[in-house]
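Below: a set of structures, written as structure tokens.
In what follows, chain A forms one complex with chain B and a second complex with chain C.
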Partner chain A sequence: MQEVESKDINLKKLEAEAKANSTPSSFKLMFNEFKSDKMAMISLILVSLFILYVIIASFFINTSNMMSTNIMNYFAKPFTPDFWLGADAGGRSIAKQLIVGSRNSILIAIGLTAISSSVGIAYGLISGYFGGITDLAMQRVYDFMMIIPSFMIIIEIVNIIPSYNAISLTLILSMFYWMGTSRLIRAQTLSESNKDYVQASRASGTSTLKIIFKQIMPNVSSLIIVDTTISFAENIGVETGLSYLGFGLPMGTPSLGTLIANANDADNITTYWWTWLPATIEIIVLCLAISYIGAVLRRATNATQRRSTK
Partner chain B sequence: MKDSPILLKVKNLRVHFPVRGGFWNRIIDKVKAVDGVSLTIRKGDTYGLIGESGSGKSTTGKAIVGLQDATKGHISFMDSDVTKKSARKKMNYNHDVQMIFQDPELSLNPEKRIFDIIAEPLRNFEHLNNEEEKIKVLKLLEIVGLGPDSLYKYPHQFSGGQRQRIGVARAVATNPKLIVADEPVSALDLSVQAQVLNFMKKIQKEFDISYLFISHDLGVVKHMCNHIAIMNRGRIVEIGTREDIYEHPLHIYTKRLLASIPEADVNKREEHHKNRLEVEKYYEQNKDKFYDENGEALPLIQITDTHLAAIPKNMKKG
Partner chain C sequence: MWKTILRRLLIMIPELIILSVLVFILSKQLPGDPFTGSINPKASMGQIHHLMKINGLYDPWYQQYWHWVVHLLHGDLGNSYEYQEPVTAIIGSRAINTFWLALLTMIMTYAIGLPMGLYAGRHEGKLQDALVRIYSYATMSVPFFVVLVIGCWIFGYGLNIFPTSGSVAPNATGFFPVLLSKFYHMILPATLGALFATSSITQYLRSGVIDAKNSNYVKTAQAKGVSMNNIYKHHIMRNAMLPIAAFAGYSITGLLGGSLFTEQIFSYPGMGLLFLNAVNFRDYTVMTALVLLYGFLSLLGTLLSDIALSIIDPRIRVE
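What follows is the complex of A and B.
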């Protein structure tokens, strides 16, 4: 009994010693990297606050009320107490539409990124690790998905399906946006799976699935983080573009794309600039900020590019 | 040594790789990486497998550990057949047979901490609880001469010799009976080589491990091994005890390899040089006799109890 206890204390002491000498966690490394790049820090704060704000604020907005036409406010001027950013031809508040629309666009982009990146990562890892016939078959599927004009087909599907909402639209989009990620991950996996540590894992009796997702995946994590960030910015554009063309979210649901579509009217461009300019600026700022964040994440995951000295 | 039980028996092992080509990507040829290798490793042996690059020694080692499927032949471990993957899995083969890799830079996962690397075989085979696992890893680290402070570090924070010792710690974690060491020191500089080799000898005594020591460095092998097999072009050309090989080499390839060991004795430099030229001349003149018309080594013939060599039958008396 005595011996077990002394061993316990010993273990704790050694553990503490090990902890003190451990390398900083990757989370801490990223934080340090953000601290050393002001622009990226501002971007990170801006993006996260903005996303939080639109999600919370949209709870207080009654969408159907907001989207109802009110002829009295026809093209109301901006910077007034009732209409911060003015109103459109239907007398609907641009500011409120911007909040709800941003929420819709961003949530769809987050969902799309989560699904398509997970699928792409798993697809690339499996295809790259197994190689041979598996790889050949999976890459032909990939080729097929690459050559079909995805935008056209999405528009077709949206037209055929009688009723759809944000969730089903996200799922439809996810079917067509996993390929880029998968090819990137596959290329890296091909080179990783030939390294000796994979053989060492096999010799240690680790199962194939564990080797793929626990041994190889951490080694492509830098690629995954960067690619996911960049494709998030890209995916905001996907939904926005679709809604701009009028095939995105169903009628009466605001989105960044529908707001930008106001710019289709020559009158709106010259006279009623407040109907489309805020949404356009928002997308530019958002995408720029996200790409700054992506650059920092790339540096943080690659030891040779780090700027922070810690 | 003769009386200790047989640990591993490799019988007529062949590993052929297909060469694909042509319009339909058909198999147009095959590379005979390993072509009929037979070995017997007894308990407590350090068995040296020597050969030049591309002679198939690493492939033999990988086939024995189970990382490479055998095209033909049998591998049996302690009297049970382990040629098939399912058989290996059933008896937890890799619990008893482990491997030390050539380049510690590549064989340790750069994204994993030392604790996770050494604990990997333990997690798969021994199913200890967290505390026992940690104590075991700390003990292993102590055995290989690293402190507890290395537990949560990453491989890139260690020197080459330290990394290879971490690789050794991983290999001995499950107390295996046989370790296949695939050129364990060839990526290290000379001073570190001695350190790792002595250390491997030390744990051999401590844990009663047998080694299959794959190398091209005859100096290292002389220091480590009691049995030696020389491989050339996928086949074993000479096999015997250390004395058999170093004192009475018979095959021309063995002679040539032995002549290539660098000598530091400056006074006898001329003598060595002459000796080497002689061996080379003999090799050039007689190499056709030692290989058949396809350039493959001849079958092994028994010279003494322990000594076999792939020499022409009419040369046996010599």
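What follows is the complex of A and C.
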């Protein structure tokens, strides 16, 4: 009786020891990496707070009121109590447009990242796992998507569709921005699917879908997290770029891109700098912060570059 | 060797056909027709329908596509609705500007990216490497057009060093003044474009140099007593740089995509600005021709790069 008990205790102790010595999960590693890098922590908090702020603050702004022309405030100067970032040619407050525009741009970027990354991940996993003729065919589609002038085709599609909103714009954009993710995931899946655990699982009769999504996908999850973060920064550029050219969100819906498009006017770019400069700086800071977070995440997945363990 | 090139060319044909079908179908979906704008306003709807009928606009789409392709192969892309001129003539006059700007941007990208990649690879793991990596990350993550706007504001309007619109000064006469003025107009957009396009070249060259550093031929050269500088100049650089040189074709896609923004911001009269104007004036023949041309050029660039890479590195030949 006593012997059994001591064995039991020993087992528990061993288990705890093994847990302490085993490599921590990738999420834990990422968390540790953020704890050891102050800049990354600040970026992460800043970006999250900013996104939360623009989403909540835009609830309190009446968009149609904000976008209506008020000639009395024609190019109101910034840093005044009513217009702390000034107003544009229509007397519309830049600060309010910036908040609503940021919300629109960020939400579209989030939607675009979610959809295009999911498509890219599934595409890469399937293409990499099956290999052979499936892979060949899927890679030809990939090659084709890479050579088509996507921005011009998006502009054409936007012109064909009579009325569209943020959701359909996100869907249109996602058709053209999944390729980078799929390439990365495919390469990783190729090397992953030759490993012993996959062979063993296949031999014991696990269904293909289960192998792909339950067994291989967790093993490429750190890559997915890093890539998604970096695509998010890139996707902010996609929507704002399209809106900047005038083919993004419909008229009357502010976006960071439409605010930067104020700079197309020679008067605005020289004299009325407040109409476009805040949005420009916001995009630069936001993209730098997000991609810095991505860089730290990437560092966390690479054992030789980690800072937290040193 | 020849087999590889032939195989690569054969892959290109279906891509080209699918691209043209896609462009054609999209162009058919665009609202409007080619006659309403160019005809006597008194013409009745019946007459327009008659015109559309004899011009084959009511035929099934595959017949229309076939007609379009036949015309295309004869170099006939139709007339521009807006300018009432052949599309090929309009694009031809603009293409040369885009070509020079893209070429200058590409040259400057390599001029900036190559030394940085070599430098970072040589000082792997040191401060210099970290600085180059930070630069690459920063330039990769910031949207390209935002930088152009800021650059145009600072150097064009603020400091007044560079022109902010057009491709040549209106008062320039004579061969050399015009050439100089054209170059002067391209410096700012090309430099800004190049500064923010180096990251892939730099990172690729860096890893190439690091790979080469640990290879046996470098160790052999070192054992023979060749100086480190000479090893870098004659052994490592050559091996690491060849694939980079072959990348030039791939960068065509990015350069053409970027031309939309560059030309819009600097009011530079190239194909990108022509496209944006065509969209605004609903000049569909020009739009369609430009999308097809951009796709074709990207395809050609990828083809050339693939062939060049397969010559340099036989391991990556298309099977």
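Everything below uses one rule, namely that the second predicted complex is superposed on the first by the 280 of 310 C-alpha atoms of A that agree within 3 Å, B and C clash if a C-alpha of one lies under 4 Å from a C-alpha of the other, contacts with A are read in each partner's own complex, and residues count from 1 in each chain.
Just so we're on the same page, a contact is a pair of C-beta atoms (placed from the backbone, for glycine too) under 8 Å apart; a residue touches a chain by one contact, two chains touch by 3 or more.
These figures come from a predicted structure and were not determined experimentally.
J.: Give the label of whichever partner, chain B or chain C, reaches more residues of chain A.
T.: Here the partner covering more residues of chain A is C.
J.: Please indicate which partner A:A295 is in contact with in the superposed arrangement: first for chain B, second for chain C, both, or neither.
T.: The answer is second: A:A295 touches chain C but not chain B.
J.: Of the two partner chains, chain B (first) and chain C (second), which one does A:I283 touch, if any: first, second, both, or neither?
T.: Touch partner of A:I283: chain C, not chain B.
J.: Under the stated touch criterion, which partner chain does A:K195 make contact with: chain B (first), chain C (second), both, or neither?
T.: first
J.: Touching A:K12, do we find chain B (first), chain C (second), both, or neither?
T.: neither
J.: Using the touch definition from the top, say if A:A203 reaches chain B (first), chain C (second), both or neither.
T.: first
J.: Should A:D143 be classified as contacting the first partner (chain B), the second (chain C), both, or neither?
T.: Only chain C is touched by A:D143; chain B is not.
J.: Which residues of chain B touch chain A in their complex?
T.: 62, 65-67, 92, 94-95, 98-99, 101-103, 106-113, 115, 120-121, 124-125, 131, 134-135, 138, 147-154, 157, 167, 170
J.: Which positions of chain A touch chain C when the two form their complex?
T.: That would be residues 140, 143-144, 146-153, 155-157, 159-160, 162, 230, 233-234, 236-237, 240-241, 244-247, 260, 263-264, 269-270, 273, 276-277, 280, 283-284, 287-288, 290-292, 294-295 of chain A.
J.: Show me the residue ranges of chain C that touch chain A in the complex, using the header's touch definition.
T.: Touch residues, chain C against chain A: 11, 15, 18-19, 22, 26-27, 29-31, 137-138, 140-146, 149-150, 152-153, 157, 253, 256-257, 260-261, 264-265, 275-276, 279-280, 282, 287, 290-291, 294-295, 298-299, 302.
J.: Name, in rising order, each residue of chain A that touches chain B in their complex.
T.: 7, 11, 14-15, 17-23, 195-197, 199-206, 215, 218-219, 221
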